[in-house]
Amino acid sequence: MQAIVKRKRQPEAEITEVDLPNIEGRQILVETKMASICGTDVHIWDWNEWAQNRIRTVPLTMGHEFAGKVVEIGEDVTSLQVGDMVSAETHIADGTCYQCRTDRMHICRNMKILGVDTDGVFAEYAILPEENAWKNSLELDSVIASIQEPLGNAVQTALPRDHIEDIVGKSVAVLGCGPIGLMAIAVLDEIGAGRIFATGGGRNKVRMELAKKMGADLVLNAREEGGNIIKTLRDATDGNGVDVVLEMSGAPSAVRQAFEILTPGGRVSLLGLFDKPVEFDLNNSVIFKAATVYGISGRRMFQTWYQVKGLLSSPTFKSKISQIITHRIPIRDVAEGMKAIHSRQAGKVVLEPKWN
Amino acid sequence: MQAIVKRKRQPEAEITEVDLPNIEGRQILVETKMASICGTDVHIWDWNEWAQNRIRTVPLTMGHEFAGKVVEIGEDVTSLQVGDMVSAETHIADGTCYQCRTDRMHICRNMKILGVDTDGVFAEYAILPEENAWKNSLELDSVIASIQEPLGNAVQTALPRDHIEDIVGKSVAVLGCGPIGLMAIAVLDEIGAGRIFATGGGRNKVRMELAKKMGADLVLNAREEGGNIIKTLRDATDGNGVDVVLEMSGAPSAVRQAFEILTPGGRVSLLGLFDKPVEFDLNNSVIFKAATVYGISGRRMFQTWYQVKGLLSSPTFKSKISQIITHRIPIRDVAEGMKAIHSRQAGKVVLEPKWN
Amino acid sequence: MQAIVKRKRQPEAEITEVDLPNIEGRQILVETKMASICGTDVHIWDWNEWAQNRIRTVPLTMGHEFAGKVVEIGEDVTSLQVGDMVSAETHIADGTCYQCRTDRMHICRNMKILGVDTDGVFAEYAILPEENAWKNSLELDSVIASIQEPLGNAVQTALPRDHIEDIVGKSVAVLGCGPIGLMAIAVLDEIGAGRIFATGGGRNKVRMELAKKMGADLVLNAREEGGNIIKTLRDATDGNGVDVVLEMSGAPSAVRQAFEILTPGGRVSLLGLFDKPVEFDLNNSVIFKAATVYGISGRRMFQTWYQVKGLLSSPTFKSKISQIITHRIPIRDVAEGMKAIHSRQAGKVVLEPKWN
Amino acid sequence: MQAIVKRKRQPEAEITEVDLPNIEGRQILVETKMASICGTDVHIWDWNEWAQNRIRTVPLTMGHEFAGKVVEIGEDVTSLQVGDMVSAETHIADGTCYQCRTDRMHICRNMKILGVDTDGVFAEYAILPEENAWKNSLELDSVIASIQEPLGNAVQTALPRDHIEDIVGKSVAVLGCGPIGLMAIAVLDEIGAGRIFATGGGRNKVRMELAKKMGADLVLNAREEGGNIIKTLRDATDGNGVDVVLEMSGAPSAVRQAFEILTPGGRVSLLGLFDKPVEFDLNNSVIFKAATVYGISGRRMFQTWYQVKGLLSSPTFKSKISQIITHRIPIRDVAEGMKAIHSRQAGKVVLEPKWN
């Protein structure tokens, strides 16, 4: 079968012929119907420092966001059958470590990640453990189905634990309008946030316009507004500051801003990754503010998937999310997709299984 | 000034002249701009058994749901000024009891209730303690402003504590389509419930149609469907049962149904009051189901008010809620309002301050 | 090997020779070092109505509470090795149902229970799925190790979710002093409850004395005190009522009492099972009280096991728990153990693997 | 009456005669029976940079930790009477700001602090608003009564919100063994922490020994152990890392350590204040670790007071806490008390009302 394979420890990857995998036990074989490019795939494609350290073995079939059709099931599989449509939860957990056994499977100590530690889904067929398969409704469009995992990340950032009272009717700022930031805005709007503020780097007009469409009440250009942002958001919240900040940019200036605009006793979720250590006034940012800070990594398995499913049952929400997909291209043109993402003029890029 | 006063311990009340009240300390004087009839007012008007036991002193000016304009403030008032528009949180808490001092002021041990224990708002002017005044935006229509308190009850039933992960993307059933049940449906729709099911007694077509308009995906006639409801809701939830049930009917059959349709580990909020004790299979309803049950009384002060304010910032939501108000009549016709509610063909009835 | 086997659908069971089981995949073979009798075992032994309905197939090897040594592991086992000491989480979950995938594995929809649905541990050797094995410290005495599962139930009743602020420094009443009730008292004392009240049926002096030893500040004889209990507990809590009630008796009078002694906004955990439906004043018990009620079934996997492990690291706590074990007898005398439990003069009965 | 008064904006303070204050409305007059020195008092005494910026008006009577007897009550006081023994919650909240109205009164936007913004308790008599008085049991020793406020801080650091499942049976590290750190160890031991680790600067042998007495399983000398601490704590937790870290030192090295020793998905509470901004690897410390971080400021009003009261009902706990009080001196020797604290050889210093 055809697959996008990183053969050497260097940039880019090849479209090449590989063996059709054999399945056993609780594994399933899935025919890829649609795939989607994640930031992680871009890092691996670019072979940046992170990828060089993180990728242990090549050759490696890339990709983990997808939707496909079950074409074969292992002898111990009980919850799926041939013909089912599925997507993949990328995190393959061991099920027995401390984290797995205390409802934190998404941060398993012996985690393997699809398309990073094991062969991924940018291929005609992919193997999934039954435990990692998420059964889609047959009516769900495969394009939307292929981006449920990052949508789950957006949900996890908005709702990191079992309490979101701090969202309903409250003011929320989303710092950073990349694809997951945009998804988060749509999620916040759908789950009853009172006012949604968004900030973006400003170079990417496409994304700033999308932020508005996703439901942001106010979209601020971080580059142009600079320090005014703090005053603007205070004024917009009766001087209280915002109740919740979702930091999705990875910009050191944004994380400092996050705490300045926060109301005392408010909450910050950190999803964006930073290039280097950040200097931080813990006294005024966190301690005197009695702030709560959540680090966001992955998404709860499978609480967030059920939430995504429920949210997607709203046609308005689904239609909004669709707008984040700016590129739909044949998988053979994956290099074009990478280029579009680098240009920062793209939202989400999905890949159709057209190999020839 | 004019007021609707219960003078004698018997049904109905008089529209009569009373003295304009004097204020002091942290009190404010408010000119009533709009009032709304609550079920409690109906009980007092009817002078039913509950009212006979509950009302300690007459004469009593009735009413507690309202919106008005501050016309005078006491010398110790700091957070309000003349000209402000306010509504009232009805529960006057003592601030020093065990419940007040542990974030449960809404169930204060020495609670007084406006229009029940103290003179209420069905009058040209009303006194409020500063602590009970909720400042409205000047732009908020007084009709909507006057029904924020029951809307807070709907929010409290949906979100009884600081976690509502069980709503976002989840399936929720609302049993009973009275005004607060209808409001709850609108709230659930606004805060991202995946699927909303509603059941109503069936005699009241107006309410069943309103349930649909509020956002219910499926409205079932409890009278006609009977036992089928359980099967219907199981089928509609992939056999899992619903995640959350809001019991807002006070019907013994509904409370039993609530637990039958509930998914294991799910949650039930009980708001509807029952005419008498209910027989209950605790083993299968609650224990084996690992269910969580919340009794709902009042609404958190003032968490729910901020949530209501935030939700009302959505024009769609506000417009939906407006539809629940089926009658807007002069306050001098309060007896007509009571009649409309008794007929069960009314949603919410609001009273304009037209006394002559 | 020898085993206690229910061969026929009738009372009692036989000690008999059965085949040594074969293991595969993720299974392990464990040599029983100590077992303990649970109330469920008594029901199956007695062949009461519940057991007749619940037990699907015979012959069935009984028992699920135990400690043993791993003597063989399947080829896919990664987290255990031969020589490890283990106990069993009895609930064998499917891992893919809605409940399993939303952190509620302990109420899996397709649950199988060891010694109920599959052959149990009252045998020389027992099979466990790796997922259900709990690795014990080599220093942990096998007697204590064998009763960790019911101890987990006690923890789950005290701490049904991720918040127990209602325990630390607060007043808690435990209604019913059976083995799990006694364990709960010890747990409450260990986790900082302010005052612990216990009530017992009164016929069992042994248990009432144990309640005192476990850390109850006040032990009341439900039979003799009757209605005075409510007054006594109100007086003992400055008139506030108790913050938390753990209902562990299954007595209808106790469940009504539970809500009468509860402070408004307090919490009730229901563990005890009732012989029949209970009549219940929902208005005053739950709704006006703004009470929270948790049904307790099983124990969270494996959060409660880690908690039990941590609690047992305190020598005082471990020594207290040991006192609940009133009988330690050879497994060949299991019939004597059943008799002792029926007499209500026993705490916990453990079985040593002495077959001949 | 006599009082310790900062008359000029410079170091130290005078013992001097001032007028007996007049009370009105909801105020009470309290005769000081015992006071205690807080770190804040030391800053004000020293007149360090923080104090120079924070103190708005002199003359100012110092002090806020105390126990005393009510000798007069204002005409609107309802919950107290002459002869009651009280302590003070130092935070005087306005009751109407956003934070006060959403169960976060301890971080009121218009907070005034006793002995900082208003005249304090290092005097023969002090004024308290009724809302800030905490009624002590008549049996409670005034020495213990006078340190309930910092004890409440320790509780708040351990239990910042309504969920502490992460304490019961879990491993907890306390970084820093000042008075509140020591109190936190005692609290953790009392509320069922599985294993308690403590680290201290090492110069203060008194405190390191106290840490052991408070219940720490392992006390590490941060100075001598250095980087070994991380390895030691990993080994002591089966390689998992600790579940909870309470940072109570304000040392930049400690805060970095806090996150290194933390298990993925664990929790850090930050109480210690830092001299300057800290450089922070947010990716590995917080985000990939899916950590939760709480800033701790004050203590919840009055949830923590009830908890403290309940904990102090255990004689063992009370006796442990007493050991933290290393100095009991006449208030006229307050300068000696300040010296003892500067020496770092003191635990808590209490002041008896001996003025002459």
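A, B, C and D are the chain letters, set down in written order, and residue numbers restart from 1 in every chain.
Just so it is clear, contacts are C-beta pairs under 8 Å (C-beta built on N, C-alpha and C of every residue); 3 or more make two chains touch, one makes a residue touch a chain.
Bear in mind the structure is a predicted one, so any value in this text is a computation, not a measurement.
Peer 1: Note whether the interface between chain C and chain D is symmetric in residue numbering, meaning over half of all numbers used appear on both sides, and answer same or different.
Peer 2: Both copies, chain C as well as chain D, present the same residues to each other, with over half of the numbers appearing on both sides.
Peer 1: Given the two chain pairs A-B and B-C, which is bridged by the higher number of C-beta pairs in contact?
Peer 2: B-C
Peer 1: What's the rotation, in steps of 5°, that superposes chain A's Cα atoms on chain D?
Peer 2: 180
Peer 1: Taking each chain's centre as the mean of its CA atoms, how far is chain B from chain C in angstrom?
Peer 2: Each chain's C-alpha centroid was found; their separation is 41 Å.
Peer 1: Hey, what residues on chain B touch two or more of the other chains?
Peer 2: 98, 102, 161-162, 303, 306
Peer 1: Where on chain A is chain B touching in the complex?
Peer 2: Contact set of chain A toward chain B: 155, 159, 161-166, 168-171, 187, 190-195, 303, 306-311, 313.
Peer 1: In their shared complex, at which residues does chain C touch chain B?
Peer 2: 98-99, 102, 104, 106-107, 109, 160-161, 238, 240, 255, 263-265, 270-271, 273-274, 277-283, 285-298
Peer 1: Which residues, counting only chain C, touch chain A once they are in their complex?
Peer 2: Contact set of chain C toward chain A: 25, 78-79, 94-98, 101-103, 130-131, 162, 300-303, 305-306.
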